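You will see chain A twice below: alongside chain B first, and alongside chain C after that.
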Partner chain A sequence: MGRRLLVAVLQMLMTVFVASLVLFALIRLAPGDPAKLLIGRTMDIAWDAAAYESTLNELRQEMGLNGSLFSQYASWIGSLLQLDLGTSFYTDRSVAAEIGERLPSTFLLAGTALIIQMAIGLFIGILSAVHSGTWFDTVVRLLCVGLASVPGFVIGLVLLLALAVQMGFYEISSQATLSRLWLPALTMGLLGAPQVIRVVRANLLGELGQVYIQSALSRGLSSTRVVWHAMRNVLLPTITLTGLSFTSYISGAVVIESIFAWPGLGEYALNGILHKDYPALQGYALVMVLSVVVIHLMVEALYVWLDPRMTRRKKEAVHE
Partner chain B sequence: MKIVDGQKEKLRIEQLEVSYPQEGAMQTALKSVTFTLYEGEILSLLGESGSGKSTVAKTLIGLLPSSATVRSGTLILSGHSSIDLSRPSTSWSEIRGRGVAMLFQDARLALNPMMKIREHFRETLHAHRLASKEQIASISEHWLTRLGFTDPSTILNAYPHELSGGMCQRVCLALTLCLRPQVLIADEPTSALDTVNQREVLHLLQSLQRELGLTVLLITHDIALAEALSHRVIVLNEGRIVESGLTSQVLREPSHDYTRQLLASRDLTSDAKAISPPDASSLLTIRNLFKTYDAEQPILSGVNVQLHVGEIIGILGQSGCGKSTLARCVVGLEHAQSGTIHFRRQDITHAKGSARRRLARHIQLVFQDARASLNPRFSALELVQTPLHAFRVGDRKERLERARYLLEEVGITGAAQHRRPPQLSTGQCQRVAIARALALQPEVLICDEAVSALDMSVQAQILELLQRLHRQFGFSILMISHDVRVLRAFCHRIAVMHEGRFVEFLQGNRLSSGEHAHTRLLLQGADEPESV
Partner chain C sequence: MHRKRMIWPMLVLLVLILGACSGNQPVTEGKDSAAPTNEPASQTDSKIPEELVIADQEIAAALDPVQPLTSSYLVAIGAGETLFKADPEGRIQPVLADSAEAVDATTWEIRLKPDAQFWSGKKLDAESVVASLERSRELDKQITPYIQDLTFSAIDESTLQVKTARANMDVPLNLSSYQTLIHNAEASYDSVEHMDLTGMYAVTAFEPQKRMELAINENYWGQKPTVPRVVHEQISDEQTRMLSVFSGNSHIAQKMPVSAISQLQAEEAVTLSTTPASNTQTVYLNLNRPKFQDAKVRQALAWSVNREELIVQAAEGQSFPVTTWLSSNPAFAEARNAVYARYDLERAGQLLDEAGWVLDGSGIRMKDGEPLNIKLMTWGGDRALGETLQYQWARLGIQAEVQHGDYSLIETARESGEWDAFIEAWSTFGEPFTLLSGQYAPTGGGNYGGFDDAKTNELLQQLSEASDEASRHALALEVNAHVAEQAPVISLYPRSQITAISRNLEGFVDHFRPFENLVNENLKFVSP
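And then the complex of A and B:
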């Protein structure tokens, strides 16, 4: 068990290292010069060319953009090892501090959305599997297809228009308060629910056709009890899906966060891209990679813990 | 044992008629089935697949699939009011478990893989409010002990996958018996087990039936089993009862043609002349083959055998003895750690990639589950062409003709050639699989339990077919089976396999001369279990 964990952690570190290389290169490959952008903001363009060049050079020096790509990467990794993500070009603040401020609100939104998604998905999924072939099941399936084919921002905007602008249920501001959480979370939860419904329904239907269900029924167990039997086996694929959803929520929240002006990491990344803020973007991407890897590790651990077949191999200890 | 007149009726089923939708129309699966189960007897419902015997079992416990329609039928269980089965409102939860209990064919599948055995007992006893929390452990241990487990608490803490098939079936029996059911339906309770486990479960079933005075409805295709266990027999064919009576009467002096046919198929033709003799030159030589998955117990530990041109060697062994691994090693699907396999002087032990592909021209494998080995989306004709296509044999027209010819040879003719596996019977699927294996004219055919999933009469047909094809094409066969009956009728030599090696080679017709202890154990299993 200990060895398994060690291997998993080493694999995780490898993944993060490779990802850091790729994202560092990608960010720098994108066209545009952050120093020029910054000058354009702080100075008048009408300067003479020589002074412009020398200021640009000074600025590049200051931003650490003058060395080779390799030395830039090395110095980034070097400060990274001291848990320093660098200073934002744009705000002049520590990237770590800025991400630290925004990370909780993104996780809060993603977590709430996940709970809503799972609650809707499990409830409707189980119901439509148990009543498969009825009108209810058909309506659910149609709704799922409908919901899955509408882009996320459309649903977000429609909900915002209806609940905030028309009815005034929802206050529009840029504070990350609990009273502002529910609408973006509901939007994301609704968008994710069809996937859960489909996975739960299909897996549950498959399990309900298994012999152990017939056997349980033949021993006089009630039909609700038997659904619980099957759900234990549906749990595993559902957990995989939950992990995937969570990672997509924290990394893909950009659209929903900007619609609802939710001050999370998505908004931060968007600003970083607009200003070519290398340290901010690198820091953001690295935190995302780390979160995804950690979540995957947790899902794997959960799997091992939940599925007896993973740890308890057929041992002849049960010989008599 | 004779059934005394006036014995108490336990269960009666009257005028049962069930139909399933098939190809657009309702197909009758059972037609006016009426029978009675008396207290303390074992009644066998004997029939081949498709006879409707499983439908009877499922009807009695209310587990028919929703597509089935019960046209008519009354179930009378002693102590309960009579139930009109054609009405869907029956409250089965009162009957299931305590009134009628059921033992399934594959016990491994009948237990929830995510639950410990303890939990199975707990919820079963709990559902019927038969025990308080404190009593559950002692009750389950009591029943596990009665089923021959010496260490019941270990079993209670085990998950199903940690137990063997035989152990799972004993656990299932304990689970049903702890409810003290009035009637036990045993649906092919031993056909998924190997001979040694089979005997163990049967002995337990038999002795417990006597001790507890159980009333059992045994559903089986196995005549020997019915003969050994049951007091009375009902023969079912195409959804109708064709004959019923005392076991000895029905099986010794059958009055119906179908029963006679069924009994005849039991004795596989043991005509040594029907098998053409082998050539002296060797074709496949296996030396000291060794393979292991974990260090503790090797799966193959020194297999030695030489297969001659035209020879049929039977490999006899219990499940888990390594016979299927050996087959997979020979065709290159798995690789041995040491030892060699030579085919015509060429070392094929570690054939991979294109070398393994080339090997497929010479050595072909036929699997146990024919239906699962065929892609359900292809028709029989397309399936037989796939190997020809893979090796670019002939042009399109020639391949089609060859496939037609092969299918005719194995008895798939006319419209059946255009059907896909789901529309073919299991026997037909195995015929298609054989035709496909023969498409490239291989020199060695490996049959891995190729007939064990089939009905007796179909078994006989497939073996006859293999014999004829063997005469016609002269290939060699490695016939893997756990069934002595099949091998005895078919092979030049039989190799007895135990714990990864051959312990003895016997002439096909002189099996009883086997000296090794394990051979005797297997042969004993083949003989009919002691009668009641």
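And then the complex of A and C:
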């Protein structure tokens, strides 16, 4: 057990290291100079070229951008080893503190969206499988295709127009309050639900066609109990989907956070991109990588816990 | 029956989840915040709001005025002030200064308002003004072009002396920029409790890049505002900002897109401010390209631009044509149509014929077997502008291609020299010599195309030496017109700043620099 844990942690560290290299390179390869952005762009007075170059060089030195890419990377890794994510170019604040302020909002939104997604997905998915081939099933499938093909920002804006402007149920502001959580979470949940519905429906249909289900029904078990038993086998792919959804909600909620002015990490990343704020972007990306790796590890552990056969299968494979 | 047993617990669970989400407890709170709430429009219609909510694309990322753009936001929302300020007509008016006098060509004396003070009650004296400006000089890179040629000292408690490195500089104009915001240099700017500015509103709570709350500064030296509180909120998405004003959650929404004008005009609860700003949408041409080294080609491009059509297509009609760069500045409005006074496709064609670019059978201008093509780079909201220019130049037989993307692509192309043309809008408000030399002197930071013209350089030299305001103005106009004739750049129109304002808010002043003139003491709510 200890050895497996050690291997998993080593794999995790290796993933994070490789990701840090790739992220660092990608962020630096993007065109644009953060120092130039800080000095000012449009709406500003034009500088004398010599004074501009001198100030730019001074600023680049202060920002640590004059060294080679290798030395910049080494410096970043050195700081990371001291648990320091660096200082934002734009705000001059600690990136760790800034991420720490926004992380709870993002987790709250992602968690709530996930609950809504799973609740809708499981509920509708089960009903759709049980009533397979009926008008209900057809309507659900059409709705799934519709939701999956409409971009998130369209649904978000339509909901805002209806619920904030027309009905006055929702407050548009920049605060991360519980009263403002439900609409972005509902939007994300609605957008993610079709995936769960499809997975639950397809797997449950497969299970309902199994011999043991027919046998249970012929012995007089109620259909609810039979579905309950079948759901145990549907749970595994659903858990995988849950893990994937959660990581995508945490790392990819940029559009929804922007539309609902939800002050989470997605908006933070967007600001970082606009200002070419390397430390902020690197910090954000690293936290996202860590979150994804940890969540995947947890999903794997949950898999093993729910289905002990997986451990046995691995052991058998090793002995063979 | 059994099926129902399964369905109902799930329904109850769903209702509980949604119910739990509809609580009203803040997750994050500002320091010392009064935690004002924005009630939906339906609840506030019957009463006058106590709080002015401004939705902006971005708000301050820090409290310290020396951090990038922070001073701009602090001035805009009435928290910070400068010594001077431009009024809506472009005239410089004293704010914290009482008067300014040029003692000789390189010396100015500025007297401060006798009753001006910081939020803390500390008197604003000459020493504190010098300390503020020197702190900004040391820590804020953006202030450099405004004060690099200025030296400050205190003559007495209420008089500031400014020495200039160059003769006849307009010091009040330079000290009207938001970067020169006056702050207490002895204060620290790590929290709202410690910061110390002079404006009519004092910051009471702050969440970086999210929300800033302000209340009336009880120590304010001037006329106090009537709206008790101001909230400056960051709502990045432009559509959401618009919906925020429609819903009544915000009273002012800044930086609305041109494409939203018709929607905003149709909304009864909203009025629209579409003030052309003091900047000029300009096509910069790369004069290192052989095709643009011939002035006739550049002039042909300028003659073939139908600015009225551009404004309709790309700015929803919310601007006015300018044919010279400086004329979007209200002080140089007389030069708006000084050159290329009309759209003249025929003349443009003649110029290209004379330059050897003649139409072939397929309607394309060719010279030495090569077509006349232009790759025009655009960014931000300028795609429609670029595409309209592409269409207009195609009438002349020019193959134009629009490349729209992030501004960094333009920067990268400029650095490599691999570009034909791009659209940019620099501010035209400021000291004429600094502005014009920045654009057209060989060492100018905004002279991207490498324009180097003997007559322009001579005129700029004369402008730098001109001793009186009238001759400086005349020379600036001459440089402006001469450059327009040479057409290293093509001036189009001022970019409009579009602001949506609740109809129950009165006192908003249209200003060509709206980004720093948002909140004033006369703003008040009225019954709808």
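Following the convention adopted for this analysis, the second predicted complex is superposed on the first by the 302 of 320 C-alpha atoms of A that agree within 3 Å, B and C clash if a C-alpha of one lies under 4 Å from a C-alpha of the other, contacts with A are read in each partner's own complex, and residues count from 1 in each chain.
To be clear about the criterion, contacts are C-beta pairs under 8 Å (C-beta built on N, C-alpha and C of every residue); 3 or more make two chains touch, one makes a residue touch a chain.
Remember, predicted model here, so these are calculated numbers, not experimental data.
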Quick check on the superposed pair: does A:172 touch chain B, chain C, both, or neither? Answer first, second, both or neither. second
What's your read, chain B or chain C touching more residues of chain A? C
With both complexes superposed on chain A, which partner does A:23 reach: first (chain B), second (chain C), both or neither? neither
By the touch definition at the top of the document, which applies to A:307: first (chain B), second (chain C), both, or neither? first
Applying the touch criterion given at the start, work out whether A:244 contacts chain B, chain C, both or neither, answering first, second, both or neither. neither
Would you sort A:267 into first (chain B), second (chain C), both or neither based on which partner it touches? second
A:216 contacts which: chain B (first), chain C (second), both, neither? first
For A:225, is the partner it touches chain B (first), chain C (second), both, or none of the two (neither)? both
On the A-aligned overlay, A:59 touches which partner chain: chain B = first, chain C = second, or both, or neither? second
Applying the document's definition of touch, where does A:233 land relative to chain B and chain C: first, second, both, or neither? first
Check: chain A residues flagged as touching chain B and also chain C 222, 225
For chain C, which residues are in contact with chain A within the complex? 2-3, 5-7, 10-11, 13-14, 17-18, 20-28, 37-43, 53, 55, 58, 61-62, 64, 67-68, 141-142, 144-146, 148, 177, 207-211, 233-237, 239-240, 243-244, 246-250, 279, 406-409, 411-412, 424-427, 430, 434-435, 437-439, 443-447, 515
In their shared complex, chain A is touched by residues of chain B numbered 61, 63, 92-93, 96-98, 100-102, 104, 106, 109-116, 123-124, 127-128, 148-151, 154-155, 158-159, 161-163, 167, 172, 175-176, 179
Can you list the residues on chain A that touch chain C in the complex? 30-33, 36, 38-52, 55, 58-59, 88, 90-93, 98, 101, 104-105, 108, 112, 115-116, 119-120, 122-123, 126-127, 130, 157, 160-161, 164-165, 168-179, 181-182, 185-186, 222-225, 227-228, 258-261, 263, 267-268, 270-271, 276
Can you list the chain A residues touching chain B in their complex? 210-212, 214-222, 225, 229, 232-233, 235, 306-309, 312-315, 317-318, 320
